[in-house]
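After this come two complexes, each holding chain A, first together with chain B and then together with chain C.
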Partner chain A sequence: MSTADTQTPARRANKRASAILKAIASFVVIVGTTYLGLLAVTFFIGRVVPIDPVLAIVGDRAPAHVVERTREEMGFNLPYYHQFYLYVKGVLSGDFGTSVLTTNPVMADIRRVFPATMELATVGTIIGAALGIPLGVLAAVKRGSLADQIVRIIGLIGYSVPIFWLGLLALLVFYARLGWTAGPGRIDVVFEYTFTPITGFFLLDAVLNRDRAAFKDIFAHIILPASLLGYFSLAYISRMTRSFMLNELSQEYIVAARAKGLSETRIIWGHALRNAAVPLVTVIALSYAGLLEGSVLTETVFAWPGLGLYITNSLQNADMNAVLGGTIVIGSVFIALNLLSDLLYRLLDPRTRIR
Partner chain B sequence: MMIGKMNGHFRLMLAGAALSAMVFAAPALAATPADTLVQAWAIDDTITLDPAESFELSPAEFLGNAYDMLVRLDISDTTKVRPGVAESWTVSDDGLTYTFKLKPGLKFASGNPITAKDVAWSFERVVKLDKSPAFILTQFGLTKDNVTEKAKAVDDGTFVFTVDKSYAPSFVLNCLTATVGAVMDSKLVLEHVAPVTPTDEYKFDNDFGNGWLKTGYAGSGPFKIRDWRANEILVLERNDNYYGDKPALARVIYRHVKESATQRLMLEAGDIDVARNLEPGDLEAISKKADLTTTSAPKGTVYYISLNQKNENLAKPEVRQALKYLVDYDAIGSTLIKGIGEIRQTYQAKGVLGALDSNPFTFDVAKAKELLEKAGLKDGFTVTMDVRNTQPVTGIAESFQQTVGQAGIKLEIIPGDGKQTLTKYRARNHDMYIGQWGMDYWDPNSNAETFTSNPNNADDGTVKTLAWRNAWDVPELTEKTKAALLERDNDKRATMYKELQQAALDTSPFLLIFQQTEVAGLRGNVKNYKLGPNFDSNFVAPVTKE
Partner chain C sequence: MSDAVMTRREWLLTDRPQSRLQARLGRAYLTWSRFAANKLAVIGLGIIILLLFVAAFAPLLSPYSPYIGDLKNARLLPPSSTNWLGTDDQGRDILSRLIYGSRLTLQVIVLVAIIAAPIGLLVGTAAGYAGGWIDAVLMRITDIFLAFPKLVLALAFVAALGPGIENAIIAIALTSWPPYARIARAETLTVRNSDYIAAVKLMGASPMRIVLRHIMPLCISSLIVRVTLDMAGIILTAAGLGFLGLGAQPPLPEWGAMIASGRRFILDQWWVAAAPGAAILIVSLGFNLLGDGLRDALDTRSGGQ
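Then we have the complex of A and B:
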């Protein structure tokens, strides 16, 4: 009889382990097929566009024999399935090919441009979340009031005004007229010889280098584009926060809490927002992932050497290796952030934990 | 009441955010360092800094400033050349042998001496690597097998170049001014060669430093290339070993900024000294500011509309001429290309040897209708035109669509990405195409060869000139273009090119529209900044700052 008692927990542990294994296996399968699909779709779209890829490499003025030789060397005269096979084989061994525009390995290029985008997106998301959540809460709590209307208008402008125009306007006002911020680019040219990037995240690098002047300059450069991106995610985050909060505030437990005599601050921040936080995490993660893709227009206006500019430039020049590499990175970011928000769910919401 | 308290929190937070932004804000007007010229320019066409491979516009400027050639283009009279590394040169009576005497005691930026052996090796690596611009040298009969014989150092100070035909000396010398003729520091490059497995295509066991030179530097110009990060920055630094007048500025920094409006803001704020990609609107605004100036120079790039002769309507001579009367040159010149181009109906750029300055066509619907009637197309016809999505070509295409419409021609514009329309054009699948052509090297043969010669009009022809792309089969003009190359009398040679341009005006399927003008906006304290006729002669060495 005692055997039954000892067996049950063991069986339960076994069951649990197999559930976890199953979860991992299905995750791997899902990620694997997602990647393969991503590769195949991008690869074939890249090959069927009516652009001669050799043109991108040698230019319009190259003599005919150079064009032919390059076509041969790059394997563009092989059948598509063969080219795809070779490409996937390369990717599996970590070789994403060489960018014809920069002549660097694609991954080396992306390692260089991605930190620029990530730094901008991170600061942007922090600004967006730090302002968007309180604004959303305010709008929900004071529903229908003037404050709510103002938040609504702020969000509406953020949604509907073209970022290109807003970026130029911001530059004109804060940089050209008022001189409060620095202009386009990541860092001033005077730091070109004194500042050595370590991680590629310039703010962090300045701290590591203990370079106060560089930090100040980098901050002055990033604040404007980051605020702009932050404003756009603020528009989204504040709207979503408002609706999540309204949903929570109408729940019975809020009435119960009020009846219990809890302070309003505690009810709003401690109870309602805590529950609204679960879906909010997904919203923030997705908006962060959106910014990581590289905001092409923001990067163009602010001459920010990031991923968005890199991929657009490559696309316009039919530099397919670079486009494929960039797509895979973006895909990975989305998959990783989805995973991360799943994990955060588990932390925030006990109901979703595997038992 | 609790909500009131919360509002207090908000105010505090917002105030804090605003305050932190202000604390970190930079001082008002920025200024570039006094010994540095900072230029904003779209430099994304730079893919390599190896003179044997580079063939685009922005790297031509970097290489033109950082390398020296045997001879250089004379900016004061662009039909002539002046000495570079070579002090003097002679041409043998049969026109086959060119002997160059090098200036004595010259050094590369590395400190290595410049010898004729470096010159010979530079020629050898161009021919053996055989990249895009190599034809500028191989067209003189150089091959991978004979280059060491034909381009040879007799002693340290004498370089002998043997060509296969008795070409016009001006043609040979003009070609040697191209960046592909840069004299390379052979000792330095040889320290950086990478081994290569020989194949049928490439028979050599090393890369002649091609890999290293993509970002490396081994030259002797007034500046050296210190650093290049693609799509970001390029830094030129004064070369203290340069033999000529040393630049006043310690360095020149090119920042990759694509947007015209952004460049304008940066120029106004003083973050850059020179803005290089200004559109007409921004250019005009800058020219009105007291502390800013502008400068411009005609460049060797012409814009044209071409008619594919595979289309039976466009193949009629009267139709080709009629269309030349259907471009509203005045309207285009005064609006669409104002400040960035000048109307030009001949295909040679102004300033090159033998350029014909003649604009015979005006917008004349009656005349065009008359010609169309002669061609039996009284009621017009329908035709397509491939147009890439950039200005000013889109604007010109739309203007053209409207003006040909007045003569009954229905023009359908097919918009597309630049590379996409070009791919179609190169495969001869277009009806009409609007594009531009930049000179490969500063000699009339460059444009004459592409516009008025077509050695083999078959679909698999190997010399794919613009005439070939438009299936314009012209054996006589092809012969004449070849003959002009061998005319050793400079005046007679110039006349031959003028006749070729006249023939193109009278019969060709090319509607030349304008020659590009390069413009730059400058801070008022930048002096002696002068743009040259081509990008490798945009010299920054004379520039000073007050």
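Then we have the complex of A and C:
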């Protein structure tokens, strides 16, 4: 501390600037290597696997010179590092190759289906956070009580249940038997020609179009898969909220607030939860990423026309370009969310700021 | 009678154990009593023991063949006294298939743990003990793998390798080692500068020997906890791959694949898909409960939050 006091302001500002530069540099290195790692793995999966991509296109009865020419045209005669360079260059410019199944560029396909997945994961996260945070707070405040045990069991089942199975049962009960919700799919065929998507987020589009009937139908379709995903994020969020809250409630400022005579409600929701909110943002971002992944299985069950269904359909048809394109997109969102949560943490928590 | 029990307990908990065996038994007793105080954890342990029992004695326990059904008379029968959980679309007894499926579930988790845990242990201890650029490179690789979506990557792996239970196991193992490496590294860092390591070093032990004989054993207990907690996730991923048709292939009675084949009959013969899902839920719940209990019992530092 004493050395810092003797420094001139200019030197201190210099030091701070270099610390910030260093932080930015390490940030760039982390993003760069992580992304490069992702591409290396997908490249490895796509090229070093048993299926010969050239034979997959020309067929195994093609004459040898055709195979050779195609191999050269596709760049497969080049050394691996050169192929990898071309691959990275392609991916970075948004070129994932062409889907064998739909014959469209994979990027165009993904652009078409991705909003559906985002919408589902967003609604799911909203449900999960809206229920998970209060439950976690309740469990922490009434630690060891029956309520705490119940929240714990709800969470544990969420960690243990196969999502696709729960989805099937939910469809059976709420759609087939009770008729409370709509069935698989995203919107009824009735609206297929009258409904014009603007953003790709159908709930939002219905509001923008002022189409009340369509909104009701879309809501009836989304509520079941979104609640299911919401349950999974609830399990995670409530558990983390409980542990953050327990940590906050044992701090001295809580004792001070009690001594001042503040009401328990104010202490819990105003003081403790506000401090727990910083790590909670991280948790919510991570759970959003988890839901994007969980959508692969959920979308299959609910015939939800998103990225997850696109990937599983492509899997069944050995359409590797589409599978790897989808993997890269989900992986990129994962990496981005990880970094975003890290950045938010730094922004929101003054202790982590660079001085 | 109670006198004898008291002395036995005292013998276990004595401050001055007479032998190494006594000290070890005393510690095991303490851990066990902490564990046994947690009712949910004991239930979890019971579920896992039941799973092992069922898998071991599958041929004796299952009333019918898991592969050959009575196509003529017994298709899609509801649960009854002869077929406790009903039959599937090929007339096979669902309970028998579930019983045999427990073997596949065990095979998956045991093999994944055997492949992934040593990789993580090796990477983590090597990184932690070596330090410097080796640490930086190994941990960067670990973090890269941690940042990947596990299920999607496993899907892509299996899609490339071809469907099948062996490939599913490889794919899951390849995506689940990074957390073990992180844990092993953290444990290594806490002990690498301790006196006993310095003493072993002075006696001339090679780094290899230090890591293998004196650091790895200390990482085992926290690794076991983490692996146990991961078991549920491994089971769910394997079941998900099976559900998508990428894991175990028919006619193997893999639980996820059984749900997939029961999906067509969900509206009228719901038990075909419901039973295997319930089995998955119970087993992964068992592992989660057991893992929680083990963490609280083995880890005296974190006071069991």
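Some observations on this one:
We take it that the second predicted complex is superposed on the first by the 280 of 355 C-alpha atoms of A that agree within 3 Å, B and C clash if a C-alpha of one lies under 4 Å from a C-alpha of the other, contacts with A are read in each partner's own complex, and residues count from 1 in each chain.
As a convention for this text, a residue touches a chain if its C-beta (ideal position, glycine included) is under 8 Å from a C-beta of that chain, and two chains touch if they have at least 3 such contacts.
Computed from a predicted model, the values in this text were never measured in an experiment.
Contact with both chain B and chain C is seen for A:Thr300 once the two complexes are overlaid on the shared chain.
Once chain A of one complex is fitted onto chain A of the other, the partner contacts of A:Ala64 are limited to chain B, with no touch recorded for chain C. Greater residue coverage of chain A by touch, when chain B is weighed against chain C, goes to B.
In the superposition on chain A, contact of A:Ser243 is made with chain C only, not with chain B. In the superposition on chain A, A:Ser263 makes contact with chain B only, not with chain C. Applying the stated contact rule after C-alpha superposition, one finds that A:Leu156 touches chain C and leaves chain B untouched. Touch criterion met: A:Asp217 reaches chain B, while chain C stays clear of it. When the two structures are aligned on the shared chain, A:Leu344 is found in touch with neither chain B nor chain C. Look at A:Ala318: by the touch rule set out above, it reaches both chain B and chain C. Contacts of A:Leu204 after superposition on the shared chain: neither chain B nor chain C is touched. Of the residues of chain A, those at positions 49-51, 168, 171-172, 176, 300-301, 316, 318 touch chain B in one of the two structures and chain C in the other. Those residues of chain A that touch chain C in the shared complex are 30, 33-34, 37-38, 41-42, 45-46, 49-51, 156-157, 159-166, 168-169, 171-172, 176, 243, 246, 289, 292-294, 296-297, 300-301, 311-312, 315-316, 318, 320, 323-324, 326-327, 330-331, 334-335, 338. Residues 140-141, 143-145, 147-153, 155-157, 159-162, 232, 236, 239-240, 243-246, 256, 259, 263, 266-267, 270, 273-274, 276-277, 280-281, 284-285, 287-289, 292, 305 of chain C are the ones touching chain A in the complex. Touching chain B in their complex are the following residues of chain A: 49-52, 55-56, 58-66, 69, 72-73, 100-104, 109, 112, 127, 130-131, 134, 138, 141-142, 168, 171-172, 175-176, 178-185, 188-190, 192, 216-217, 219-220, 223, 227, 263-265, 268, 300-303, 305, 309-310, 313, 316-318. Listing the residues of chain B that touch chain A in their complex gives 2-3, 5-7, 9-10, 13-14, 17, 21-22, 24-30, 32-33, 36, 38, 40, 44, 47-48, 55-56, 130-132, 134-135, 201, 214, 227, 229-233, 235, 253, 255-259, 261-262, 265-266, 268-269, 271, 417-420, 422-424, 426, 438, 440, 462-464.
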